[in-house]
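Shared between the two complexes below is chain A, which has chain B as its partner in the first and chain C in the second.
Presenting the complex of A and B:
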């Protein structure tokens, strides 16, 4: 059951083709995350859905209604901005009720909705304050509250956590996940942070250069990336890419082979398929990352092991890999299944 | 020690202020008419009585306030409208802005002469030409609508000032806030009422403050165009004081007028601080 549908959506800035014919269907209640590097078009795509950027070509359908060229306010969407965009001279209560007051809603209905949203977000004690008297995290919640009060068909989040410090970001991420579970509202969330993408999303949309590279659940992206870009974008540290010549028994079309760091194991000298010299050992406590420079061509890879380091820098090590977790890519960088 | 180092500046300022004030009050209390040098001595409240009972005095106060209020209203409302209009990017915006600001660089006397001769002359003035073109009888502006004409000139001069300040302030308006208002369904008037006006409250206060300071003492425009006339129709307090001092040569009465001007300025200042001061504290 598709709820929000993008059909061949295009965006041009002068000669620049920013969004190149994107097709996407989103189901009701889904939490979709747009992720990609800077300038990939993820924010532009969100703003096009919101109606803040014009859609140059293609169609946008929400709940059976064509909304491609409708004014933002007529689309029944609510957005949480990166800068929160709270109205500085209004109290929290006035901020949250603004849309309803504009619409001419009944005062009792407004009060009730605001009170409910404030309670959900733990903002009740702050209703009479202005945004500048709030902390960053509280402002963030007001911005979300302003969206909730309108009970829109779709929530749009534009990198909402990027202005928060690391600790608060983690906490707010959990709150957003809980909120989504409680409200069960369809949401689209833009971020460049893959941890946010992996933890929040029902489905992740990976974008690059205005094109969707892959759409899938976080685990699908991790375990079966559609191409080299997705393979390297998802996962920290990056998936290792080695030339196919190191491997035997793989597809003849394979040019590169990707292996995640945790699918390598260090074995006794001479026992492994690959050998090289240790360049760097990063002991992080719960895991150890071992950077190895391979003999011959000088290709580098990272091995992750969940135990205390057993090797030292400049040791020569032998490495084995898990055959069931090889990702093979052809000349174009597409995965071979 | 810091006070000692500050004292030269403070003392200079104090002298700058206190000496003229003291002299004004002193002159207002003695008989001091250049045409009657033999009449001297303490006058008590006589000079003040002369000033107040002068029928021109109430006219002058009224004209001062009318001129002040209407010029501030015209420049703030007009300046706001123009600033909002040219806030959006369009081809040639730089030149339009430059042209808009330029009247402020014209000297008040030149401004008055331009209006008097080029625009408002009932025979060859531009406005007369326009009136004739539409088959209307040209208005003799300075004769028939003297105060309005002065207000027009001063507004023309101060509109760019208001416009400039509000324009720069609009540049700092947060774009995402406006987008949020768009998504909340606000139309242009609602955005104006709830986004632009609160954002501009402070610069508007500044514009009003500065304009009030300068417009209480408008003189050059009146002197070069209407000479306060016909009768007292365009005489403001500053012009009346000039009239007493350098037309009637009565320094004593003129000084009493000056003391009234100080009182008037203080009354206006109190109102301003009450109404506007709150905005500036933020």
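Presenting the complex of A and C:
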């Protein structure tokens, strides 16, 4: 059942058409991640849902009610900002209880909800501190706490982990996933980090230039990208894209063929379909990435091996690929199914 | 090493002397006024100036008898306080909207507001005088409150705008997401975060209104006269009475100097905002 629905939503900044007729349906309890490169409109779209940016055209429906032009304070959505945006003059407790106090909730109810959220987020010892006395990770947890005490209809996360260091980011990501599992709240999460997108999302929305490129589960995006952009955006290292001339038995409409690094194998000389010279070997321990420059046009590809390196730089290698994992794209860059 | 150290000490001494010298030079007229206020008229005009004399409070008695000090002081308090409060009430929402919802015209508007301060006040005297005359406002405190408010508004909006711009926009958005109305956002978030800016802006404008003489003299010399006009009355019609003029000046500036002294920190913060951050 659709819970939050964007119908042909548009956003203009002067002459710039930032969001171009976006349609999206989000179900209750779903964890949706908006992902895309900088400037693709993912944060703008989130802020439009929040009410912090005006929707110029189209409709926004939440739980059966049209809220397109409703003030953000009336929408009953909670947002976790990239900069945390905690109230610097209030303690952790006051920050977390602000929304409930504004609403005029009973003090006993407020105390109970704040205590519960603080316990969930391991913030109980810090309730009397102000934000400047906390570390980045703790501040982020307060920002999340401020959202969960309200039990809002939808949680909105605007790149919440991008100000944290790598270790903390991984840890907080797991905490957010656990929190979502426990609360089962509808959430929309914006990130440019595809690891966050793949690990947190029930469904991922890939955006580019204010347009949705594809919506699907993380594995759908990985295994069946709708176009070249999604194919290359999802997956690290990105999908190899080679001209169709290297391959036989493919659709006549195919212009480019994509193949993920793990679907190539290095075979004995003369036995592979493609051959080239090794340019770089990156041994990462659990895997090895071999960069190869193909003979002829000089196209480059990356081969992923889950074993110790067997080749050296400047070796000539022969490469085979897994036919069942070819992604064919037509002249417009759309996938041929 | 020791030469380096002694060089450093010498430069420090030179700089300290220079700093004290400049400070004394700036402060000298005030000291001289303060001393003159306690001399007799004869001692006050003696050349060379007398530094050793028996201080007298006579000038203060005369000033108080001849011109009703309390009346002038009351006018000063009313006009400066009311105009400051009124100014803040107008400037705060204006600065808020310019800082948090800027449009293409915001910068131009700010510059235009400031540019009104470039015009000499006398240029606007005639139209304003006639308007006030038509409305029967000449020589009323209302007239001075209106003109002081107008006079200080550009500075108030500018200062508050700069303060508000330093407050991260997202904090206000967070309050909005938390369900706060515009008033609650202002009351619970903007006011506590911007109180320093509001205080120093208010204080500066209070001082400016208190010290204002041009409009006070031209629009409110008798009934609505402020302490600035009282001071001036000792300089012209009966020749110069240095000692009484000094006593009157000292009484006029005393309240604001005391307020200024206690709020130095706020004032300096207000005047150097942006520059030291």
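Everything below uses one rule, namely that the second predicted complex is superposed on the first by the 337 of 337 C-alpha atoms of A that agree within 3 Å, B and C clash if a C-alpha of one lies under 4 Å from a C-alpha of the other, contacts with A are read in each partner's own complex, and residues count from 1 in each chain.
We adopt the following convention: a contact is a pair of C-beta atoms (placed from the backbone, for glycine too) under 8 Å apart; a residue touches a chain by one contact, two chains touch by 3 or more.
None of the values given here were measured: they were computed from a predicted structure.
When both complexes are superposed on chain A, chain B and chain C clash. In the superposed model, A:89 lies in contact with both chain B and chain C. In the superposed model, A:231 lies in contact with neither chain B nor chain C. Shared-chain residue A:73: touches chain B and chain C both.
Of the two partner chains placed by superposition, chain B and chain C are both touched by A:50. By the document's definition of touching, neither partner reaches A:62: not chain B, not chain C. Residue overlap on chain A between its contacts with chain B in one complex and with chain C in the other: 50-52, 71-74, 77-79, 81, 83, 85-89, 98-99, 102-103, 146, 150.
Residues of chain A touching chain C in their complex: 50-52, 71-74, 76-79, 81, 83, 85-89, 98-99, 102-103, 146, 150, 156. Against chain B, the residues of chain A that register as touching in their complex are 50-52, 71-74, 77-79, 81-83, 85-90, 98-99, 102-103, 146, 150.
Residues of chain C touching chain A in their complex: 168, 170-171, 173-181, 184, 188-189, 192-193. Within the complex formed with chain A, the residues of chain B that make contact are 174, 176-177, 179-186, 190, 194-195, 198-199, 201.
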